[in-house]
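Look at the two complexes coming up: chain A is in both, with chain B in one and chain C in the other.
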Partner chain A sequence: MRQRTERFTTIARRELQNGLSQTFLSLLPPGFRALRAMGMSSFPDPDAAVEYARAIRASVVARLPELLEEFERRALALGAKVIWTRTALQANEIILDLARERGATYITKSKSMLSEETGLGEHLRKGGVEPFETDLGEFITQLLGRPPFHIVGPAINVPPEEIRDAFLAGAGLKESTTDPVRLGLAARLFLRDKFKHLKMGVVGVNMAVASTGTIINVENEGNIRMIKSSPPTVVALMSPEKVVPSLSDAMHLLRILSRNCTGQKITSYVSLDSGPKRDSEIDGPAELFIVIVDNGRSEIYQDPLWREALRCIRCGACLNTCPVYTKIGGYPYGFAYSGPMGQVLNPLLLGLADTRDLYQACTLCGACREVCPAGIDHPALLLSYRARAASDWHGPQAARVLLRRSLATLLAFAMTHPRLWNLGIKLTRPLFNLAARDGYIHTLPGAQGWFACRDLPAVPEKTFRERWRQDHGQ
Partner chain B sequence: MASDTRGRILDALRTATRRPPAPRPVLPEPPELTLDRPQMIARFEGELSAQTGVVLRAADEGEVLRHLTATAHAENLATVMASTDSALAPLDLKAWGQANAVRVHTAADFADRETFRAACFGAQAGITGADFAIAETGTLGIIFHTDQPRLISIAPPVHIAVVPIERLVATYEQAIDQVFRDKSSPPSQFCFITGPSASADIQATAFKGMHGPRKLIVILVG
Partner chain C sequence: MPKVSMFIPCTVDLLLPQVGEAAMLLLKRLGVRPSYHPEQTCCGQPLLNAGYRAEARRSAKHFLTTFWDEDIVVSPSGSCVCMIKQHYPELLKDEPAWHARALAQAEKTFELSQYLVNVLGASDVGAAYHGTVTYHESCHILRGLGVTEQPQHLIRNVRGAHYVALDNAQTCCGFGGEFAASYPDISGALVRDKVRSFLSSPAELLLVSEPGCLLNIKGYLHRHHPDKRVMHLAEFLIQQKVA
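Showing the complex of A and B:
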C-alpha cells in the first residue's frame, strides 16, 4: 500500500473541516460504547472474559514460533499448502503467479488488512489480474481509489451521491439511486457474476488454530463464504500472529472479537476450514494455499516490548474510543492501519523516521489500552517510539538537557512566587496571541519542535482568576 | 528458497529472548450450560429472531413438508437446490417438489462444479439440514461434506435449514468438540450461521441480503 504517513497533519486539518466525516465520527464513541456494553453484558463476568482473552493473546506472542510450526504441521497433514514469505513483494508475486498459472484473468478478495499492508491489489492489477474487493465498504473504496476510513466500515463516511456516481461508472448500476439498500443490491448483482465464474479467490484469516491446522474467517456479508465455496483455488493470507493455540481459545476470542468489533455477539458467518475440499465434494477449493507473510514481524519480535504490538486482533475497538481518531478519522494515518492500532503498528512496519506524527499524535490518555481486548499497552509502546526517536534527533544531548534544566529552574521560581507568576502570565498572554490564527496558535519562536504536531487554542483575554473575580466578586 | 525463508523466519522468532507466558486466569463457565431444553429452544428462537431469522417448529416430517409448501408459496419458489444430508433424507424432497410444482435439484443432478455452481446461483432457495442449533446466540452449525455442499446455503437468496431438535446444544464449544472429535479427519469446512447475510457499510444503514441469503428460515423438528 502506498504510504502517506508524512501527510498526517495536512490531512488531519482537512478532515477536521469535513462535515460528513465529523458527523459520523461524533456518533461513533457513544454508539460503539453502548453496543459493546450490551454485547459484553452477556458474559457472566465481562472483565474476566477480557482478561482471559488478553491471556490468550499473551500466550500467542510468547509461544509464536512453536504455535506456527504446530499449525503448519497440522495444515499440511490436512492437505493445505503452506507458503512462507519474508516480504510483501514476495507474497504478492507468489499470489500473482498462482493466478496466472490457473489462467485467472481476475480474482475476488475479501477484506484483509494484511493485503492492504502488502498492496496486493495494486500488484495484481499491474500484473494483468484484475482484483475485485468484495466487502461492500472495500468495494466502494476500491472504486473511489481511497484508503479505508475505518477498519470495520472502510467507506462508512462516503456520501451516497459519490457511491452512486462510482457505481454508475464502474459497477453496472442501471438506475440512479442514493438509497443505501439499492446501492448494496447493485454491488451484490455485480459481484455475484464474479463469484459465479471465479477461478481463484483470496481471503484473509482471522485466526489460525495451531492444534488442528484450521483457518477461521469472521464476516457478516457472505463474501468470504462465497470465495471459500465457489472457486477451485483459494489463497488465504495471514501474518504469523494470527495463530491461536486451540479451538477453545478460538471460540473465546470469537466471542470477544465480534463484541469488540461491532457489538454483535457473533457475526452472521464464521467459517472454519481444515484443508482443501475432499475429493468427493462438488464445491469448495481443490487447492488451499496458506501464505504466511512476515513483512518485518520477526524483526519486531526481537524487541520484548515492541513484540506486544503483535497481540492485536484487528477488532477496531481502540479506534472507536480514541479521542484523536474520533476527531480526524482514518485518512490521516496514511497506511493500512488507523487509530491507536495504526499508531502502534505503522511505525514498526514502516520505520520510526517516516511515521513521527503517528506516535506523537497521542495524549497518552489510555482509552485504547483500557478497551483493548488483546491487552496492548499502546501508551507504553508510543512512549518507547518517542524515546527511541528522541535519541536520534537534533544536536548535542548535553546542551538540550542544560537548556531544559535552566527553563525548569526559572519556572519553578516563578511558580513559587504568586505575584511574580501572575505578573508574568499577564504580560506574556498577549505575546502568545500575536501568533494566533483562526483561534489557534500553530507555532511559537523557539518551540517549533513542540508545535510540529500540536496546536494550542488561542489564549483568552482574561485569566480564570480575573473572570472569577468579575463574575463572583471578591 | 521457500524452505530457507521459513527457516529464517522461525529461527529469528526462536532465538529472540522470551519469557514464558503468565498462567491463564480463571474463566467463569458459560451460563448457557445450565439451560434446560425448553430454555435452550427459547434462547435459540429469541437470538435468531433478533437477527431476522425465522424459527418454525414441526412435530414430524409431515409438518416440515407443510412448512416448506407454505414457504414455497410465500416466496414464489419454482427452483430450489437441496442437499442430501441425513436431516433431509426422510423428507423425499423430490416427491414433494413434484407435488408442489417446485423443481428440486441436488448435487447428484450435476456432472461437475461448473454446472452445479451455475444452478446454485440460479436457484431461488437452498434447503439444507444443519448439524447443530446452538442456543447461545441462535446459531446454526453446519458441517460441509459430499452430501452437504457449501454453495446451497450461501448462493440462493433464501436459505431453509431443517434441524432435528436433538441437535440442539448450548454453546459453540459443545458443537466444536463433536465436529473436531477426530483430529486427523475434521470436515473440510464447518460454519456457524447466525441470521441472513448482512451489511451496514453505506451510511451505517443495516440491511440483509448482501452477498448471501436475505432470508433464513430454520425448521426445528421434534
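Showing the complex of A and C:
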C-alpha cells in the first residue's frame, strides 16, 4: 500500500476543517463507548474476561514460532497448502500467479487490513487480475480510491450522496437514490454476479487455530462466506500473529473481539474452515492456500518489547477511544492501520524514519491501553520508538536529532545540578516575560504551536522555591 | 504529626507557584508538617517522553538521592507521580540497587488528593465555596494512578460547593507536553472540546489536579473566554471564605 505517513499533519489539518468528518467523528466516542459498555456488561465478570484475553494474546506472542509450526502441521494434514513469504511483494506475486494459473481474470476479496498492508489489490490489478472488494465499506472505498477511514467501518464516514455517485459510475446503480437499502441492494446485485463462475477468492484471517489447523473469519455481511464457498480455489492471507493456541482460546477471543468494538456478542457470521473440501463433503473449495506473510514481523519479534505490538487482534476499540483519532479520523495515518493500533504497528512495519508523526502525535493519555483486550501498552511502545529515533544519527533528520540530543544532555545536566537548574529557571523568566501583558504571555518565538490557540500565564516575580526560602529561610 | 516532603513540579515552580503554596497550606491545615527539599529539580518526565532514557535515568537518580531520607513524598501532579512510581522502576530495571530504591520510592510517593484521602482519610478539609464547580479527570491521575474518586470526594465535601460532573471528564484535554506545541491543530481541537464541555455545564469554575492540564486550559480560556475560571484542586481546597 502506498504510504503517506509523512503527510500526517497536513491531512490531519484538512480533516479537522472537514465539517463532515468532524460531525461523524464527534459521534464515535459516545456511540462506541455505549456499545462497548453494553457488550462487555454481558460477561459475568468483564474484567476477568479481558484479563483472560490478554493472557491468551501474551501466550501467543511468547510461543509464536512453535504455534505457527503446529498450525502448519495441522493445516497440511487437512489438505491445505501453506506458503510462507518473507515480503509483501512475494505474497502478492504468489497470489497473482495462483490467479493466472487458474485462468482467473478477476477475484473477489474480503476486507483484510493485511492485504491493505501488502498492497495486494493494486498488485493484482497491475497484473491483469481485477480484485473486487466484497465488504460493502471496502467496496465503497475501492470505488472512491480511498484508504480505509476506520478498521471496522472503512467507509463509515462517506455520505450517501457520494456512495450514490460512486455506484452510478462503477457499480451498475440504475436509479439515482440515496436510500441505504437500495444502495445496499445495488452492491449486492453487482457483487453476487461476481461470485458466479468465480475461479478464485482471497480472504483475510481473523484467527488461525494451532491445535486444529482451522481458519476463522468474522464478518457481518456474509461476503466472506460467499468467497470461501463459491470458488474452487480459496487463498487465505494471514500474518503470523493471527495464530492462537486452541479452539477454546479462539472462542474466548471471539467473545471479546466484537463486544469490545461494536458491542455485538458475536458477529453475524463466523466461519470456521478446516482445510479444503473433503471427498465426503458436498461443498467447499477444492484447494485452500494459506499464505503467511512475514513482512518484517520476524525482525520485530527479535525485540522483546516491540513484539508486544503483535498481540493486536484488530478489534478497533483503541481507535474509538483515542482523543487524537477521534479528532482526525483514519486518513492522516497514511497506511493500513490507523489510530493507536496504527501508531504502534506502522512504525515497525514501515520504519521509524518515515513515521515520526505516528509516535510523536500522542498525548500518552493511556485511553487505548485501557480498552485494549490484547494487553498492549501503547504508550510504552511509542516511548520506545521515540527513544530509538532519538538515537538515530544516520537518518535524514540527523541535524535535528543532534540538536535535540544536545539539549536533552544539557537539561539532564542541569536537573542533576540544582544550583545550575535554579539559575537557569531564574534566567528564563525575563525571556518568557518579554511579551507578557495583562498577566499573560501571548507569544514566544519558537513556540508558535502553543500560542496558536492559547496564552501562557506570565512568569511570577518569584518561583515557588524562592517564595518558600523567603518564608522559611532555608 | 506526619511529615511530608513536597515535590514541586517544574511547571508549578516557574509558572504556578500559588499551586505549590496552596498544597503546602492545605497539608498544614490537616495537621501535616510539609517540607521542601531544596535539592529537588525536575522528575525527568519531559526527557523520557522525548525519548531520552539515559538522561531521564540521570534525573531519576538525582530524585531518588534527594528524597531518600524522606518518609513520604507528595506532589500536586499526577504525571510527575506516575513518572516516579511507574517509570523510575522501569527505567532502572537493569541496575538492581537503583531499582530497589525506585520501588521503595514508589511506595512512599503520592499524588496530593491520593495522599489526602487514602492516607490521611480526609473528607472535609475546612474549605468553603459558594457556587457550582466541575472537575476534569487528568489522564495520568485517572488512568495512570487510578485516582478518580478521591478528588471528587474532596470537592463534594467543600461547604457550599455544588459539584456537577463534567461531560467527557475522562477525555484528554490535549496537553501532552511537547504534543501541545508540536501538533497545535489537534491539541487546539482537544482543548476546545474540553472547554466546550465546561461551558455547557452549569459550573462557573473548572477544577483540575494536574499542572499541565491547568496551563493548557487556563491558557485557552484566557485567550477565548477570559471570564471563565479554572484552578488547581489545591487552590480550591484552601478557600475558606464563602465568596
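Heads up, the rule we're going with is that the second predicted complex is superposed on the first by the 389 of 474 C-alpha atoms of A that agree within 3 Å, B and C clash if a C-alpha of one lies under 4 Å from a C-alpha of the other, contacts with A are read in each partner's own complex, and residues count from 1 in each chain.
Assume contacts are C-beta pairs under 8 Å (C-beta built on N, C-alpha and C of every residue); 3 or more make two chains touch, one makes a residue touch a chain.
Quick caveat: nothing in here was measured; it's all calculated off a predicted structure.
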Contacts of A:D294 with chain B and chain C, given as first, second, both or neither: first
Partner chain(s) touched by A:A155 [first = chain B, second = chain C, both, neither]: first
Chain B versus chain C as contact partner of A:R386, first or second or both or neither: second
Touching partner for A:R146 - first (chain B), second (chain C), both, neither: neither
Touch count on chain A, higher of chain B and chain C: B
First (chain B), second (chain C), both or neither touched by A:R467: second
Chain B versus chain C as contact partner of A:S248, first or second or both or neither: first
Partner chain(s) touched by A:T214 [first = chain B, second = chain C, both, neither]: first
Chain B versus chain C as contact partner of A:Q448, first or second or both or neither: second
Partner chain in contact with A:A414 - chain B first, chain C second, else both or neither: second
Chain B/chain C common contact set on chain A: none
Footprint of chain A on chain B - complex, ascending: 2, 5-6, 8-10, 12-14, 16-22, 24-31, 47, 51, 107, 110, 112-113, 116-118, 120-121, 136-137, 139, 144-146, 149-151, 154-155, 172-173, 176, 180, 183-184, 186-205, 207, 209-213
Residue numbers on chain A that touch chain C, as the complex places them: 9, 12-13, 16, 29, 323-324, 327-328, 360-367, 369-370, 383, 385-391, 404-405, 408-409, 411-412, 414-416, 418, 421, 425, 428-429, 440, 447-450, 452-457, 459-460, 462-465, 467-469, 472, 474
Residue ranges of chain C touching chain A (in the complex, touch as defined): 8, 10, 12-18, 20-21, 24, 36, 38-42, 44, 46-56, 58-59, 61-62, 139-140, 143-144, 168, 170-172, 174-192, 215-216, 218-220, 222-224
Residue numbers on chain A that touch chain B, as the complex places them: 24, 43-45, 48-49, 51-52, 55-56, 58-59, 61-65, 68-69, 77-78, 83-86, 90, 134-137, 140, 153-156, 158, 160, 163, 180-181, 183-185, 188, 191-192, 195-196, 211-212, 214, 220-223, 225-226, 228-230, 232, 240, 247-248, 251-252, 254-255, 265-278, 280-284, 292, 294, 298-299, 301-302, 304, 307
